[in-house]
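Here chain A shows up in two complexes: once beside chain B, once beside chain C.
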Partner chain A sequence: MSAVARLKPARRANRRAYGRLKSVAGFLVVVATTYLGLLAVTFFIGRVVPIDPVLAIVGDRAPAHVVERVRLEMGLDLPYYQQFWLYMKGVLSGDFGTSVLTTNPVMADIRRVFPATMELATVGTIIGALIGIPLGVLAAVKRGSFTDQVVRIIGLVGYSVPIFWLGLLALLVFYARLGWVSGPGRIDVVFEYTFTPVTGFFLLDAILNRDWAAFRDIVSHIILPASLLGYFSLAYISRMTRSFMLNELGQEYIVAARAKGLSETRIIWGHALRNAAVPLVTVIALSYAGLLEGSVLTETVFAWPGLGLYITNSLQNADMNAVLGGTIVIGSVFIAINLLSDVLYRMLDPRTRSR
Partner chain B sequence: MNREKITNRTGRLLAGAALSLLLVSGGMAPAFAETPADTLVQAWAIDDTITLDPAESFELSPAEFIGNAYDMLVRLDINDTTKVKGGIADSWTVSDDGLTYTFKLKAGVKFASGNPVTAEDVAWSFERAVKLDKSPAFILTQFGLTGDNVTEKAKAVDESTFVFTVDKAYAPSFVLNCLTATVGAVLDKKLVMEHAEAKTPSDEYKYDTDFGYGWLKTNYAGSGPFKIRDWRANEILVLERNDNYYGEKPALARVIYRHVKESATQRLMLEAGDVDVARNLEPGDLDAVSKNADLATTSAPKGTVYYISLNQKNANLAKPEVREAFKYLVDYDAIGSTLIKGIGEIRQTYQAKGVLGALEASPYKFDVAKAKELLEKAGLKDGFSVTFDVRNTQPVTGIAESFQQTAGQAGVNIEIIPGDGKQTLTKYRARNHDLYIGQWGMDYWDPNSNGEAFTSNPDNSDDASVKTLAWRNAWDIPELTAESKAALLERDNAKRAEMYQKLQQQALETSPFVMIFQQTEAAGLRGAVKNYKLGPSMDTNFLAPVTKQ
Partner chain C sequence: MSDAAMTRREWLLTDRPQSRLQARLGRAYVAWRRFTANRLAVIGLVIILGLVFLAIFAPLLAPHSPYIGDLAKARLLSPGPGHWLGTDDQGRDILSRLIYGSRLTLQVVLLVAVIAAPIGLLVGTVAGYAGGWVDAVLMRITDIFLAFPKLVLALAFVAALGPGIGNAIIAIAITSWPPYARIARAETLTVRNSDYIQAVQLMGASPWRIVLRHIMPLCISSLIVRVTLDMAGIILTAAGLGFLGLGAQPPLPEWGAMIASGRRFILDQWWVAAAPGVAILIVSLGFNLLGDGLRDALDPRGSGQ
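Moving on to the complex of A and B:
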C-alpha cells in the first residue's frame, strides 16, 4: 500500500517527462517538414522561372564556351531532383552555396544584410508597440467617441498609404525641409574613418565603441525609416489592441473590479490590458517577423542595405542559392519568434504555466 | 466620470511622449550638412559592383572605380576619342608584319603600395586575366591568347619592355583600343601574389594558384590616381588619393560613393548638401535640379545604344519592305523630346558618337503614309499582328508603348509582352521573340565591338558558337560578315573608319535593327563642384581633375 503510494508520483514524473520529450520530438518533426517543404517549393519555383541563371553570372556578352562551362559548374545540366538533392546535401553539411550574383557564400551575404534589417525592424516594432498599444487602449476605452474615430483614421492611413510615397514625403518634410533628421543611409560619411562596424548592428557597435557622436548620428538616421515601419505596424497593433481590450472590458471581472471600487487606471492598465496582452503578444510578434523579412520599398527609399533588397535582387536574377538562403533565414525567424511568443504566453498567462 | 479623467491624462501623456520623441530626434540631427571640402560624395546605384578585380569586373559602376584606381598600358584620349595615349606605356611600336607590339614603359612609376611598376607586372596581369578566363577575358583572348601560350605571347623582355604578339595582322587601332579596357589594368604582382591561395589543379582549372582571385575581389593593387580604400557591397565605396601616382595628383583627398538607388532620394540628398553629385536622376528630377540655382547638371553621350529588333524567323518581319517600313513608324521627335529627354539622344546608326568611324546620319522620319506604301509592297496591305517583348523598366516601356501606338496607325497590331529584364533577355537569346527592344553597350571602345554585334553573323544555325545580335535576330548576312572581318584587319586608320561607315550605311538601309537612341549619362552637381566631366565610357569618368570650392 505504502509502496504503491510512493511509486505513484515517480511514475507520474516519468509520464510527464515522456510527454515533454514527445512534444519536443513532435516540434522538431514539424520544424523539419516545414523547412523541407519551404525549400522544395522555393527550389522548384526557382527552376521553372523562365530566366537563365547562367546569364546572371556571366552577363550578356560572355562567349559560348564560358556560358557552357559555368552551366556545368552550377550543375544545371542535371535533372531537377538531382540538383535538389545536391543542394540539400550541402545545406545539411552547413553549406548554403554561393550567390551567383555576388559570388560570395550566401550566408556571408546574409550575415552582412540581415543586421541592417533586424536593427530597423526592432526599432520600428518598439516604436509601433509603444505608440500602438496606448492608442488602441484609448480607442477601446473611448469607444465610439471622436478620439476613437481619430485613432481609426490614423490606423487606416498607416495601413493603406503606400509606404514608398509616405517615405519620400517624410524625407521631404523632416530631412530636406526641416532638417530634423539625417537623410538616407545608416550613418554619415564623416564617420567612415572612425567608425568600423563589428556586429553589423550599428547602434550596438557605437555603444560598444563608446562612440557617442556616431551613436547620435545613427539614431538620427534610423529614426525616420523606423518610425515609418513603426507607423505601419502601429496601425495593425492599435486596431488589434482595441478589439482585444473591448473584449476584456466587457467581461464580468471588470464589473466586479469596478464594484470593488478600483480606480479606472488600475482596471484598464492593471487588469484588462494584462489579459489582452496574451493575444497581443502574437500580434506584435507576427508584425515583427513581417518586418524582419525586410521591406523592399523602405529599403529603396532610405538606401538601407537590408535583406529585402537582397532577396528581391536575387529573385530577379534567378540567383536561387541566395533566394533559398534568404528563405531559410526568414523561415527560421518565424519559427524562433513563434517559440519566443509561446514562452511569453506562458509567462503572461497563468493558465498555461505548468504547475 | 472617473474614466474620463484618466483617459484625458493618458491622452496628454501620449501627446507628451510623441512630442519628446520629435524633439529628441530633432535635436540630434546636424543642421544641413556640408560634405568635407577635400571629399567628393557621390550618390549612385552601385549594386552592380560584385567584384573589384579587373580580370573579372564587367559591370558599369566598377568600371569607373577601376578606371580611376588602375592604369593600363594605353588610355583613351578623351579629347579625341578616336585615339589612344600612353598610360603606363611611354611609347610603342608595331612590327611591319603587324603581329608584334613593343611597349616601352614610363620610368619610375610606382604602384600605390610603393612597389615599382615593371614589364613583368604587365605580362603577369595579362597572364592572370587569360588564365582566370572570366567574362571580360575575351577582349584579350580574341588576339589568340590562351592559357597555354599567354606567357609567350605577352612577355616582359626586360624591366621596362613589354612585347605583345597577336595572331593576325589586326588594325593597330583595334589592338590598342582593346588594351584600354579595364581587363588590361596593370596589377601589382608582388602584392597580389602575397595574398594568392594554393589550388589543386583539375580539369576545369589547370593552375596551382588562384592568382589572388579571392583576395582581389574586395581589395586593391593598382597604380591609378586614386586607390580603393574600402568597399561595403550595396553601401559604400571609398577612393583615396594615391600619393605614389606618377602624374598630376588629384585635388581631392577622397571620393566616397554612397549606394542610393532611388532618383527622388538622390535629389533630396543633393538639395540638402549631403552629397555633391547625384548620378541616377530621372528626367523629372534632372529637370528640377537644372532649375535650381545652387545646383548644376552635366552630361555626356555613352557607348550604349537602344534599338528595336525584328526576328527574321518571323516570315512577315523578314520582308525587306517591312524592315524598312518599321523605321518609318517610330516617332523619333516625340520620343526624343519627352521619353529620353536628358538621358539620351536620338541616333539611327549603331555606332556610338565619338568612336572611330561613327556615321552621322538620320534619314528616317515618322511617316505613316510611306510605311503603309512599303507594307503594301510587301503584300501586307491590311497590316499584321506581332508580339513585342519589353522589359518593364523605363524608358523602354514608354518607347515600346509609343511604337505600339504609331505602328498601329499603319495597321501593324503589336501585342506587348512585359517581362523582367533577365526574363526577356533569356527569350531573346534563344531567338524566341518577334520584336524585342534592347540596349547594347560597347564591350570596349572600338568600332569592332558594335560592328561585330550588329553586322556580323558567321553562322546562322541554331547551335552556332558565335551568337551576335545579328544571330539573335536570325539575320543571315555573309557579305556584311566578311566586310566586318576585313575592317578588323585594315591597318590604315582612315580606310578603316570608312569601312565601318559603309557597314553602318548598309545596316541603316537593310538591317532588322530600328535604332532609337544613344544613351546620355547625366549627373546633378552641387555648385561647389568644378571640373566634373563625364567621359564617353564608364572607365573614362575621370575624377582626378575634380575640385571643390
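Moving on to the complex of A and C:
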C-alpha cells in the first residue's frame, strides 16, 4: 500500500511529462501542416492558376528561346508533384526566385523592405493599444451610457472606413493644408547621406546614432500612417477590451473587493484589467498581424517603402515571384504570430497550464 | 380595430401555436421586436434598403450618364447645382457614378455571399457530423486558409487570375469561407447528439439527408449573422482591390477605383476622391450596424457583449 503511494507521484509526473510531450508534438504537427498548406496554396496560385506561368514571369515580349529556357529552369516540363517538391525546397532554403522588376533575388528585396513594415505596424499597434484599452475599459465601466455609445461608434467607424481613403484625406488635411506632419516616405531626402541605417528600424537607428534631427523627421513621417493603422486596431482592441472587462466585472472577486472597501479605481485598473489582460495579449498579437495586412494599402497611399508597397508595385508589373515571396513572408509571420499568441496565452493563464 | 390588433399580437405570442406557420411567425415577430428595439440596427437596415433601392432604380435616379461626360465644359467641376457632388476628370457626374456604383457593390457582396456561405456551410456541417479523420482533414484545410491574411491572399489570387471584377469576386470568396465553416461545425457539434437527430437516424435517414435536411437549417441563422457582419469587410476588400487597379476596370463606376482615379486631384479637387469614400463608409457601416442588430435579435446569448 505504502509502496504504491510512494510510486504514485512519480507516475503522475511521468504522465504529465508525456502529456506535455504529446502536446508539443501536436503543436509541431499543426505548425508543419499549416506551413505546408501555405506553400501549397502559393504554389497553386503561382504555377497552376496562370495559363502560362512563364509568360507571367518574363512577359509577353520575350523571345522564344528565353521562354523555353525559363520553362526548363522552372521545371515546368515536370509533373506537378515534382514541381511542388522543387518549389518547396527552394522556398524552405529562402529562395523565392528573382524579381523581374528589381533584378535582385526576392529574398534580398524582402529583407531590405520588411523592417519598414514592421516598424510601421509596431508603432501602429502601440498607438492602438494605448488608446484602445482605456476606451474599452471606460465603455465597460459606464456600460449603456453615452460614453459607451460613443466608443462603440468610434469602433464601428474604424471597422467600416476604407483605410486608404482615410489615409488620402489625412494627407490632404495634415500634410498639404495644415503642414503639421511630413508627407509620403519614411525620411526626408536631406538625411539620405548623413543617416546610416543599422537595424532597418529608423526610429531605433536614429536613437543609436544620436541623430535627433533625423529622429524628429522620422517621427513626423511615421506619425500619420501609424495613427491610421492604430485607429484600425483601436477599433478591434477597444471592442474586445470592453467585452473582457464586462466579463471580469461580473465576477465574484469584484464584489469581494468592493466589500473590502477598495477604491473603484483600484478595482477597475488593478483587479479587473489585470485579469482581462491575459486574453488581451492575444487580441493585441492578432491585431498586430492584422496591421501587417492593413499596411499593404496604407503603404501604397503613403509611399512607405515596406513590404506592402513592394507587393503592390510587383503586382502592377506582373512580377509573380515577388508577389508570391511577399505573400509567403506575410503568411509566415501571420502563422508565427497566431502560434505565439497561443503560447503566450497558455503561459500567462495558469488555468490552462495544468491541461 | 385595436381589439383585432391585440388578438393578432396574442395569436403571435401564444404558448401553444396551432400550426407550424403560427409558431414560425411568432418567432419572427419576437425577433423583429427585439431587432427594432435597437435604434442603430434599424438605421443599418434603412441604409442597406436604401442601397438596394438605389441599385434597382439607378437609371431613374441618376441625373446624368455614369459613363459619358462633357469633356469640353464639365471637367472637375466643384459640387453645385447641376452636379451635386461635382464632376471627375472626364466630366462625368460623380453622383450618377456613385448611384450606378451601388449596383457593383451589391453585386460583389451578394455573389461573394452566395459562393462562400454554401462552401463554408457544407465543409463545416460535414466535418462536424462525420467527425474522425474527415473532420481533422477538413478543419486543417480551413485553418490553413484562416491563417492567411485575407487581403494579401486575394491580391495574390487576382495577380494570378488577372484583374477584373469577376476575378476579384472569386478571390474574395475563396478567402471568405473558412469562418463560416468553423461556425457551421460548432453548431453541428451542439446538435449532432441530440434526440431528434437520433430519431431521424433510427428512421433510417442517410447521413447526407441528415446533414442537408436536419443540420444545415439549424446553422443558417448564425451563418446569416456572420455573413452580414462580414459584408463590410467584403466591401472594403473589394474597394481595396479596386483602388489598387485589380478589381473593376475603367470605365466601371466601382467606388474603390473611383477613389484611385481621384487620387491625382486630391490636392485641388478633393471631392473627386472624397465622395466615393463616404459612400463606402456609409454602406459598410450600414452592414455592420445591421449585423450587430441581427446578432442581438437572433442570438440573445451574445447580446450586450
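One rule holds for everything that comes next: the second predicted complex is superposed on the first by the 266 of 355 C-alpha atoms of A that agree within 3 Å, B and C clash if a C-alpha of one lies under 4 Å from a C-alpha of the other, contacts with A are read in each partner's own complex, and residues count from 1 in each chain.
In this section, a contact is a pair of C-beta atoms (placed from the backbone, for glycine too) under 8 Å apart; a residue touches a chain by one contact, two chains touch by 3 or more.
Model, not experiment: these values are computed from the prediction.
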After lining up the shared chain so the two structures overlap, which partner does A:323 touch, if you call chain B first and chain C second: first, second, both or neither? second
Between chain B and chain C, whom does A:180 touch in the aligned arrangement: first, second, both, or neither? first
Go through the superposed model and pick first if A:259 touches only chain B, second if only chain C, both, or neither. neither
When both complexes are superposed, which of chain B and chain C contacts more residues belonging to chain A? B
Touch check for A:300: first (chain B), second (chain C), both, or neither? both
Have a look at where A:335 lands relative to chain B and chain C in the superposition and call it first, second, both or neither. second
Quick one: classify A:112 as touching chain B (first), chain C (second), both or neither. first
Partner chain(s) touched by A:172 [first = chain B, second = chain C, both, neither]: both
Looking at the overlay, does A:92 come into contact with chain B only (first), chain C only (second), both, or neither? neither
Set intersection of chain A contacts, chain C complex versus chain B complex: 49-50, 56, 168, 171-172, 176, 300, 316, 318
For chain A, which residues count as touching chain C in their complex? 30, 33-34, 37-38, 40-42, 45-46, 49-50, 56, 156-157, 159-166, 168-169, 171-172, 176, 243, 246, 289-290, 292-293, 296-297, 300, 311-312, 315-316, 318, 320, 323-324, 326-327, 330-331, 334-335, 338
In their shared complex, at which residues does chain A touch chain B? 49-52, 55-56, 58-66, 69, 72-73, 101-103, 109, 112-113, 130-131, 134-135, 137-138, 141-142, 147, 168, 171-172, 175-176, 178-186, 188-190, 192, 216-217, 219-220, 223-224, 263-265, 268, 300-303, 305, 309-310, 313, 316-318
Which of the residues in chain C end up touching chain A in this complex? 140-141, 143-145, 147-153, 155-157, 159-161, 232, 236, 239-240, 243-246, 256, 259, 263, 266-267, 270, 273-274, 276-277, 280-281, 284-285, 287-289, 292, 304-305
Contact set on chain B toward chain A in their complex: 2-3, 5-7, 10-11, 13-14, 17-18, 22, 25-26, 28-33, 35-36, 39, 41, 43, 47, 50-51, 58-59, 133-135, 137-138, 204, 217, 230, 232-236, 238, 256, 258-262, 264-265, 268-269, 271-272, 274, 420-423, 425-427, 429, 443, 465-467
